[in-house]
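Below you'll find a set of structures to go through.
After this come two complexes, each holding chain A, first together with chain B and then together with chain C.
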Partner chain A sequence: MAFVDEFPFEAKLTRHSFGVAFLALAIGGLFGLIQALHRTGAFRGFVSSADYYTVLTGHGVLLVLVFTTFFIAGLFNWGVVRSLDRPLHSKRLGRAWFYTLLLGTVLASTAILGGFFDSVPLSADVLFTFYPPLQAHPFFYIGAALIVVGSWLAGANYFLTYRAWRAENPGERIPLQTFMVLTTMLLWYLSTLGVAAEVVLFLIPWSLGIVGGVDPLLSRTLFWFFGHPVVYFWLLPAYLIWYTVLPKLSGGRLFSDPLARVVFLLFLLLSTPTGFHHQYLDPGIPEGFKAIAMTNTMFLLLPSLLTAFTVVASIEHGARQSGGDGLFGWLRALPWDDPAFAGISLAGLMFAAGGFSGMINAGMSINYLVHNTLWVPGHFHLTVGTAFALTAMAATFWLFPQISGKRLRLRGAAVAQPYVWFLGMVLMSNAMHRAGLAGVPRRTAEPQYDAFAFDAGVGGIGEMRAQIALGGILLFLGLVLFLAVVFRTWMAPRDEELRVTGTIPPALSGPENSPPVLDNLRLWTLVAVALVVLTYSLPLVSMVADGLLTPGLPPIPV
Partner chain B sequence: MTVPDSDQQADADGGAEPPVPAAGLPWFVKLLVVLAAVAVAFVVAVDLLHFVELF
Partner chain C sequence: MEIHRYERAWLAASLVLIVLFIGTVAYGALGPSVAMVDAEGGTVDPAALDDHPRFSDPGVYQTGEDEYAAYVIARRFAFQPGSTDPIRVPEGSTVTFYITSPDVVHGFSLAGTNVNTMVLPGQVTKVTVDFEETGEYGVVCHEYCGEAHHEMAGTLVVVPSGEFDLPEERDVSGGGS
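Now for the complex of A and B:
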């Protein structure tokens, strides 16, 4: 029985969540195309260079806050209900998180888009990293706060659903997808405390004129308390797909359930005490605490490498089950004509490249080479822009039939879509990385390189700009293909039979091969909180020692 | 580590996807795959040239 028939309310909630996510993806993606053409000088007729920053804010907020949060909430909704095989604890709470998220999105988007019109007294050209001294209209901050509150409500429903399941299944191991959802939400609850404090205590009163000023360092620190773990809030849902859906699509099974649990716990423990690595150039934070953040960030490579090993081993197992053999010959036995498999696999491949450039970002000394250059957007277009976004789009090709009861339409476009996205991202992201090394700044409408000679080893600024523009056009084409497939499928009548099943075969090594302490979420949450306290308490104390709204004392030497 | 029942058993449990009629990549996707491979080779070559230049 299809998911939509077994759990019609939950399927509808997931479908509508995806609908809002894809609308945000469409608008944010269009803004991305405009940016790529504008800053490379390929075409500057869409907006003025002053409005470029409105476009940039819209691109960032609509994609990495709205698209991600709605998609993840819908995906987790499906994952919890499917793996626990029971409906959500509360339909009312389900509606509450959806409409809270929607209201937040409307408020924040209205504030951003108001920046295009001089007659509208709204503006929020504060970019995705909305900390001071840039200031937005209060609507923006209230909207952002509601988006976070909506995600909290969604998480509460997952936990309540799990609690109801636990009451009927004492002693059972937590089903893997639910385990992944709960650990990700614990990470999210912990990390969003920072941005909630920043927005509610400082930014909303400041934008309303209730307080005259805020401490920029404290605000930045609270933002990055959330701003790096949010990366894992995007990534772990992709991991959920890679671990539980990709092996099945390849014709096999997950290699190790215990390893997957260890990976998610490591992310819960280490994701939040890393935020200072975004603040290497900020004065007022002791170097020793920056070094601790760097160390924690580097430790996070371990669960990512474990993931690479486990997922590749799982799909190799699937390929060999399908007759593939040889050292690399098994790769040919994989279903590359399945858009879901191809998209998720290519997303994983690009994430490997993103991980390498992430190591450069996280290195305290070498970070200075790339800080605030185009390297950084080059990096995160591989991670959130592909590892998450392409996984989300590809997973939709598999998931949407189950939550709608409709067979995927425009299959040719769906098969082409991941390859178009991959091609576009190879060109755009690599050129952005190279441009960053050459010193090209990020967040600049018209970077100028005409006044001095640029002596590159190979290529030049013009060639990099051309690749970025071409890559941006291809990515937009990939987005249009995706939206056309979803729209056509959504509008189609229901089918009698689907070509996909939601059943996920058990792992080769199941949860019985791991110690039950892995499922003790209270214990791991306490350890995660302790690590955050150790990392953040002294620097925060020094920042607020002489008042919450004024710059703090000199840093404590470590 | 014990390996449980076979994948065929997992398929029988409903894990396998029903076959999709259109098997194999259409020609335009094959073209895209070739283009993507060329793009990857190109960017890797350029990156290596940058890297060599550093030393």
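Now for the complex of A and C:
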């Protein structure tokens, strides 16, 4: 029986979350195409260079705030219900988080899109990092706050559903997918405290004119308290799919359930006390705090390196089950014509490359070379832009039939889609990385200056621009293919046969091989909180010692 | 807890890699003495730069033999000095930059080098750079600062030491020359 027949309300909730996520993906992706053509100079006819920053804000907010949060909320909703095999604790809470997220999205998007029209007194050209004293319309901050609150409500529903399950199943190990959802949400609750404090205590009153100024350094610090762990909030749902769905799609089983739990706990502990690595080059923060954040960041490599091992080992096991052999010959036995498998695997492969450029970002001293250059978006288009986004799209090819009861349509387009995305990202990202090394800045409409030219190390600046523009076009084509498949499938009538099943085989090494203390979420949360207090209390105290709002800057509306 | 032996080896190799990475940065700090931008520049009232002894007249000051201080204001949408007039320093000099902003967050980087920092209103960014050879660098604002952000740039020129001249009032080294 498909998920939709067993849990019709939960399937609908996930479907609608995905619907909003994909609408945000469509608009944000179109903005991405406009940027790729504009900043490379390939075509500047869509918007003026001043409006480029409206496009850039929309691209960032719609993709990394709206698309991610709606997709994750819907995916986790499915993961908890499927792995606990029981309905949600509260349907009403399910509706509440969905509409809270939606209201926040509408408010924030209205403020951003208002920037295109002079006649509309709204704008929010502050990019997704919204560093004050650049100021957006209050709708922007209120919308962002509601998106966070909506995600908290969604998390509450997962926890309440788990508690109901626990009452019926005392003494059992937490099912793996639920374990992953709960640890990710704990990480999310902890890290969003930073941005919630920034927005609710400072930016909303400031944008409404209730307080006269805000401290730019304190605001940045609170933002990055949230701004690094948020990348794990995007990544861990992809890991959930890599650990639990990908082994099945390759014809095998997960290698090790205990190690998967250890990996998620390491992320819970280490994700938040790392934010200063986004502020290596900020004045006003002593070097020692930056060094502590760097050490924590480097140790965060461990769970990702462990994941690389487990994922490859699980795929290889699957390939050998299907008759693959040889040192590398088993690769040929994998279902490369299954769009879900191909997309998720290519996303994982690309994440390996993104992981390596991330290791370079993490190094305090080499960060001078790449900070705020095009290298950085080159890096995160491999992580959130592929490891997360391509995994999400590919998983949809597998999951959508189960939550809709409809067989995937336009299968040819679906098979091509991951390869188109992969090729586009290879072109765009390699060129962005290399342009960054030449010093080309990120976040600018026209990275060309009258007084000087950038000196490319390998290749030429013109060649890099061409690759970025072409890559952007291919990525947009990949997006259109994806949206066409989802749209046609959604509009199709119900089918008897789905060609996919939701059963997930147990791990080769199951949870019984791991100590029960791994499931003691209360303990691990306390350790995570303690680490955050150790890392952040001293610098935050020194920043607010001169007064919460000092040095205070009056708003500069944009 | 059961861990496969290949996985154990991978775990050990990963830990070695991590320790090596941290080691390279520690070496960079202790050996070639790569210093991080930190709190040493102190704070300044962003609304009162005109009252500041140096930011009221930004530019290059001589502070010692081959040692200079360069006070730069990054404001929407120009570096002062840098955009209208280039920042000029002599070859073979050690220049300590003091950079701040009266309005929003900016960036300051010399294109193609590892001279790269953030500029925050209220904070003074302090970075020290050795200019060993003559040459010309682009100065880029790399943090979005508003609708004309892409026009915010400048140049820094390292001139032959014989061609470098400062007005007398800008020699604050105490010793004279």
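We adopt the following convention: the second predicted complex is superposed on the first by the 540 of 558 C-alpha atoms of A that agree within 3 Å, B and C clash if a C-alpha of one lies under 4 Å from a C-alpha of the other, contacts with A are read in each partner's own complex, and residues count from 1 in each chain.
Just so it is clear, contacts are C-beta pairs under 8 Å (C-beta built on N, C-alpha and C of every residue); 3 or more make two chains touch, one makes a residue touch a chain.
Computed from a predicted structure; not experimentally measured.
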TODO: Scan A:Tyr99 for contacts with chain B and chain C and give back first, second, both or neither.
DONE: neither
TODO: For A:Asn513, select first, second, both or neither according to whether it touches chain B, chain C, the two together, or no partner.
DONE: both
Open item on the list: Applying the document's definition of touch, where does A:Asn430 land relative to chain B and chain C: first, second, both, or neither?
Closed with: first
- [ ] Tell me which partner A:Gly459 touches in the superposition: chain B (first), chain C (second), both or neither.
- [x] first
TODO: Using the touch definition from the top, say if A:Phe43 reaches chain B (first), chain C (second), both or neither.
DONE: neither
Open item on the list: A:Gly251 in the overlay: touching chain B, chain C, both, or neither? Say first, second, both or neither.
Closed with: first
- [ ] Could you let me know whether more residues of chain A are touched by chain B or by chain C?
- [x] C
- [ ] Using the superposition on chain A described above, determine whether A:Phe117 touches chain B (first), chain C (second), both, or neither.
- [x] neither
Open item on the list: With both complexes overlaid on chain A, does A:Ile504 touch chain B (first), chain C (second), both or neither?
Closed with: first
TODO: Share the list of chain A residues that count as touching for chain B in one structure and for chain C in the other.
DONE: 509, 513
Task: chain A partner contacts - residues on chain C that touch it in the complex - done: 1-4, 6-7, 10-11, 14-15, 17-18, 21-22, 24-25, 28-29, 34-39, 41, 43-46, 76, 103-105, 107, 109-126, 136-138, 140-150, 153-155
Task: Footprint of chain C on chain A - complex, ascending - done: 49-50, 53, 56, 125, 127, 131, 133-134, 215-217, 220, 255-256, 258-259, 279-287, 290-291, 294-295, 298-299, 301-302, 305-306, 309-310, 313, 359, 362-366, 368-369, 371-373, 438-439, 441-447, 449, 451-455, 509, 513-515, 546, 550-551, 553, 556, 558
Task: Interfacial residue positions of chain B with respect to chain A in the complex - done: 1-4, 7, 10-11, 13-20, 22-26, 28-29, 32-33, 35-36, 39-40, 43, 46-47, 49-50, 52-53
Task: chain B-facing residues of chain A, complex - done: 248-249, 251-253, 318, 321, 336-338, 411-412, 415-416, 419-420, 422-423, 426-427, 430-431, 434, 437, 457-459, 497-501, 503-506, 508-510, 513
